[in-house]
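Shared between the two complexes below is subunit A, which pairs with subunit B and subunit C, respectively.
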Partner chain A sequence: MKLTRCDQLFLFAPLAILLGGWLVVPALLGLGATLTTYSPLTTTFKFAGWANYSAVIHDPEFGEAVRNVVLFTVIAVPLELAIGFGIAYLLRPPFRGRSWWRALMLLPWLVSPIASGVMWHFLFGSATGVIDFVFGWFGGNQAASPIGDLRLALPTLIAVEVWRVAPFVTFLLVPGLAAVPEERWEQATLAGASTFGRITRVALPAAKPLLLTVGMLLTGLSLGAFDTILILTGGGPGTATLTPALYSYERAFETNDWPIGAASAWLIAAGVIGVGAVYLRLSTRRSAS
Partner chain B sequence: MSRRRDTAVRILLLSAITAAFLVPLLWTGLASLGVLPDNNSRPPSWTGPATLQHFSEIGGAEPAFWQELATSTTSALGAALITVTVSFLAAFGLARARLPGDRSLTQVFLVLASLPAMAYVLPLSDLIRRLHLLDSFATIVLAEAAVTAPLAVFVLHGAIVQLPTEWEEAAVLDGAGLLRVLARVVLPLIAPSVAATAIVVFVLDWNMLLVPLVLTSGEVKTVPVAMSDFFTFERELEWPTAAAALMVSLVPLAVLVALFHRVLERFTLQAPAGGDIG
Partner chain C sequence: MSRLLAKALVLVVGAAVIASCSNGSTTSTGNKFSGVTVRVVTFTGPQIAEPLQRRAPDFEKATGAKVQVITVPFSDLYQKVLTDFATKTNSYDATVFDPQWMGDYVPPGYLEDLTDRVQNDSTLQWNDIAPFFRDFSATFKGRVYTIPLDGDFQMVYYRKDLLQKDGLQPPVTWQDYIAIAKHFQGKDLNGDGKADYGSCLAMKRSAQSYWAWISVAAAYLQSQGTKQGAFFNIDNMQPLTNNPAAAAALDVYKQLSKIGPPDQLNNDVGDSRGLFVGGRCALSLDWGDIGTLAIDKTQSKVADKVGAVILPGSKQVLDRSTGQLADCNATLCPYATNGVNHAPFAAFGGWSGAINKASSSKVKDAAFAFLSYMSAPAQSSVDVTIGKTGFNPYRTSHFNNLDTWTKAGMSEQAAKDYLGAIQASLQSPNMVLDLRIPQTAYYQQTALDTALADFLAGNGSVSQTMTRITTQWNAKTDEIGRQSQLDAYKASLSVTK
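Let's turn to the complex of A and B:
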């Protein structure tokens, strides 16, 4: 239908007010404030130029945080996509109870990131944990929790995140694979394609746009990794699992260094927007062709 | 023949994977019932018997827990309702207004949805504090609604562009205005997508930590905020009690997903194929 100006106002104004008032305006005010010495605790502030950003970038701790989150993202996101895709592929063809199975498989994602942290804290603990239980069966000694280990902490957090997020990826990918016309699978089978061939020649091309979209969402969420890490390690041991989001939160609320916290938060936003720009190019180029 | 074997292999693999993913939750469920492993005995054994006592201990460890559960439920319900209503209107507008560059505009909403909360909550919390709106239930609901709105716009837009426009045109010829078209034609056609979006958004709101954390000073609390307190203030929790609290906060979502598992099939980020856009 043709929309009049009045119609358009009615349709777009609520979203504009919601996003503007609660997201865009505060974010932009905050961006302005990072160019000053502004802090909620002080009454006066003056223009500071790039000083806050320069302080963040030259802080070795922030460098550690960036290194950690980049590692976290480049390992966790492909793993989540691969495992999620694999399970979605198994769930694709209709069989009895499939939709139940898909709902069951979603359970880990229903656990909040914070609850996931609480749960794994205890599962890694030796008195109650699942790991020592299995070790015990093989006569092994009780192992210290891997989250306290300098080298194991980050890989462990990645595993915990993959456990929670891969099921969500499956949930998002199943409709994409189910939408592929049945003939395409049959043609591939008749042409003698193995399971591997059907994945690479039918499933992956069909799911490519969807994988791109899900990949964008996961990348953004990983770059902001916060909740589970706050509970499990708080960024430690040392700075082994510190992320920019934790860094920003600590500076703003714990060490009362608001300008540094706000500036580093904007650097997270800049990172995600940068990835988003690449995503926009890729997704619109696809639809143009 | 090979098809049947194929299905058998599939189900076997799926069972193994599902079991692996659910072991941690099973462990937690057992612990909430007081069934705990004894890792010091060889081989490890289980202690029991099962009891519901730990569920009543939650209130002792966190006196306001049931209040927090109510806050989580009502705020997530309110936020999901606002998100879906506002996003439905905007998604319809985007799908029908033929704005220049509207295809990349919808993708911009996905990028917005990917923005981690930490990127913008600091100035939001400062602004809210200055406006003396901290610890307000409405503040939390509106902020949560804003966080999830971009994702809902993206999903609902994908559902609406796939609708044929003939019914809408017919309704307009019959003299229907915008509201009537939306309520009588569009909404009934995409009701399953709207319901699925509402459920996913509800789950996201229910599990949200940072937004309610920085917009409150302790008077209004949701379950995730309460859980984060326990660890940041080093109040030690007993595992069975923690497990019981985890189960209480998970079961409502699990029931919701189980009840609506068919409707949830309609939640998709799939952009419609190029040719479908008229």
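Let's turn to the complex of A and C:
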């Protein structure tokens, strides 16, 4: 059945109203506000041009935040994909209780990032730290909390993020890998492929489209990393774990510098849109080939 | 049977008469604000909101006014209230807020002037409130705009048992504090066989670290009384953040960062308090909260082992005429004790109630009556002894009446120590008023806090950190207007010339 133009408009209208009214219009208003001195706290405002963006870009703290989030993303996302894929490969063959394992994989993702932050805070903390307790139990010396250490704070946050996200990647990839016909695995085995060969020749090509999509999703999420970091370190020590999202939040809601908070938020949005554009380009090229 | 019925009838009639009498009395005293609803906004708490919510029904019974306590997250409170007032939405009739925000709320005329009301209200007992809170914390440009509900300032807590055992005296100067902290660092302080900490402070970024640094710096920066101010030069609004006094305070703070838990740079007040009442620290710096938490036996291992003293001081202070540190003398440190200048810091200033000027007069009367009721000694003397209220003592009567404290679970000696430290701070003419000028949040939470976090993390020297803070403060002052900021700063200090 071919939909008429009228049918198409009718079906699209609810989504258009939802997205237009509650996303596009407010977002555009926010974008406009970044070119002014507008703040909900003032009754007058004036045109500021690019001054807000310039202030953000020239703020060394924002530079630190960008550096951190780039490191966070380029390390965390590949690790999440690799570990998630590896576990999915192991869970691929049917075995008793596989569906339970798969459901279990979803648990860290289902825990809200704030709750996850609180949990890890108690694991690492020296007052109530489980890790410290375990060290003490084995007669070890007190372990300094890694989130209070300038060099270890960011790697620790990356580890926490990988813990939360990698199992989710597994959850998404298992059905795709399980759906690969058994003959293809057998063909690869008969052709003398090692485990590595089976992964590269069979599993990866099968999972590639989904990996690309998940990778794009995770990259977007990583660029906006916020909740867990807010709870665990607040961006510290120093600026060791500050991210652009945290920077934006601090400016808008802690120091009430609304124009700077909004401008930095739009710079994050631009980064995410850039990643989305790369994804579209890659997927279009793949479809064409 | 008929006798039984007659008895029952007498009982019923008697009960009805008593009921009508009591109704009558409620009507005569309890309907003053009948039909009036007061919408009070504060932060989610549970602290601060809890006593307001708990006492609202009693107030309604007594006056007829319904009090609706609206809570919002702390991070939203400033914006929500200011937006509400600025846009004339006026959905809040009163707010229990941080008096630091008066610098943004009073000049545009959003808050009701309470000067005459507080003087004429016998329930409130205005003169029972400690002079600092009356004359500085509640006052802006000589007029009263808030009713104090909480007495916030920082002091030092120490483990009395440990210091006594080792023959040590509580710290008088910051050098003493460091020496005591070093003495206990790494020793087992609670008998669990594990190494504990000499001092536990909240040094986490984007939290409350900057207040702790100001508590240290205050002793070096302000010596001539509250009106001198500890943040800016009151002649030209130049920040007092780039001089030998600020350098000394940074140096002390850096040393303190290394004498404590290994993750001290990531500890917020909840962590440092937990460590202290868990018996793991010899010293800590905090508001009055540790005093009441320490007597809560469900979580405290140090009940009756805690002493408190006024913030440590310094024998050297900033001589503003030369810009150098100089030894205390009668001229330079008129309020010094044994040559040590103490400058207790009223960090945050204590939660206070204010009234929306735009509300109707009947609602404003009811809102004032509610705030007065909350602050009145009958209510507040109980509330300040309960840890979960978040309220700390601020009235003379809170110190004079030890009964309420012993009933709350403090030993008489512990109550004397705790209240003595608070009283010593409150009676100091050199108390430091927290900053309350437009965009205070930027000066403290963005510029100062971030620079301190970087400094503690090893990013930047003392000199670079001071330059950074000063540059950012000056840039913000010039952006807003140096003269208007200077006027606001002087107004907050009640400097009239």
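In the analysis below, the second predicted complex is superposed on the first by the 280 of 289 C-alpha atoms of A that agree within 3 Å, B and C clash if a C-alpha of one lies under 4 Å from a C-alpha of the other, contacts with A are read in each partner's own complex, and residues count from 1 in each chain.
We take it that a contact is a pair of C-beta atoms (placed from the backbone, for glycine too) under 8 Å apart; a residue touches a chain by one contact, two chains touch by 3 or more.
Remember, predicted model here, so these are calculated numbers, not experimental data.
Legend: residue contacts after superposition of the two complexes on their common chain; A:221 is shown touching subunit B, with no touch to subunit C. Contacts of A:155 after superposition on the shared chain: neither subunit B nor subunit C is touched. After overlaying the two complexes on the shared chain, residue contacts for A:8 are found with subunit B alone; subunit C is out of touch.
By the touch criterion defined above, A:87 lies against subunit B but remains apart from subunit C after alignment on the C-alpha atoms of chain A. In the overlay built on the shared chain, the residue A:144 is in contact with subunit C alone; subunit B does not reach it. Touching more residues of subunit A than its counterpart among subunit B and subunit C is B. In the superposition on chain A, A:272 makes contact with subunit B only, not with subunit C.
Of the two partner chains, both subunit B and subunit C are touched by A:125.
Touch criterion met: A:23 reaches subunit B, while subunit C stays clear of it.
Overlap of the subunit B and subunit C interfaces on subunit A: residues 40, 125-128, 136, 142, 234, 253. The touching residues of subunit A, when paired with subunit C in their complex, are 40-43, 61, 124-128, 136, 142-145, 147-150, 153, 232-240, 250-251, 253-257. Chain contact summary for the complex, subunit A toward subunit B: residues 1-3, 7-8, 10-12, 14-15, 18-19, 21-23, 26-27, 29-31, 33, 40, 87, 90-91, 93, 95, 99-115, 117-123, 125-130, 132-133, 136-137, 139, 142, 163, 166-167, 171-172, 174-176, 179, 209-210, 213-214, 216-217, 219-221, 223-227, 230-231, 234, 244-245, 248-249, 252-253, 258, 261-262, 265-266, 268-269, 272-273, 275-276, 279-280, 283-284, 287. Here subunit B touches subunit A in the complex through residues 7, 10-11, 13-14, 17-18, 21-25, 27-28, 31, 36-37, 39-44, 82, 85-87, 89-90, 92-93, 96-97, 103-104, 107-108, 110-124, 126-127, 129-130, 142-143, 145-147, 149-150, 153, 165, 168-169, 171-172, 178, 181, 203, 206-210, 214, 223-224, 227-228, 230-232, 237, 239, 242-243, 246, 249-250, 253-254, 257-258, 261-262, 264-271, 274, going by the rule given at the top.
Subunit C meets subunit A in the complex at residues 75-76, 78-79, 82-83, 86-87, 104, 194-195, 204-207, 261-268, 271, 274-275, 278, 280, 439, 441-442, 445-446, 450, 453-454, 456-459.
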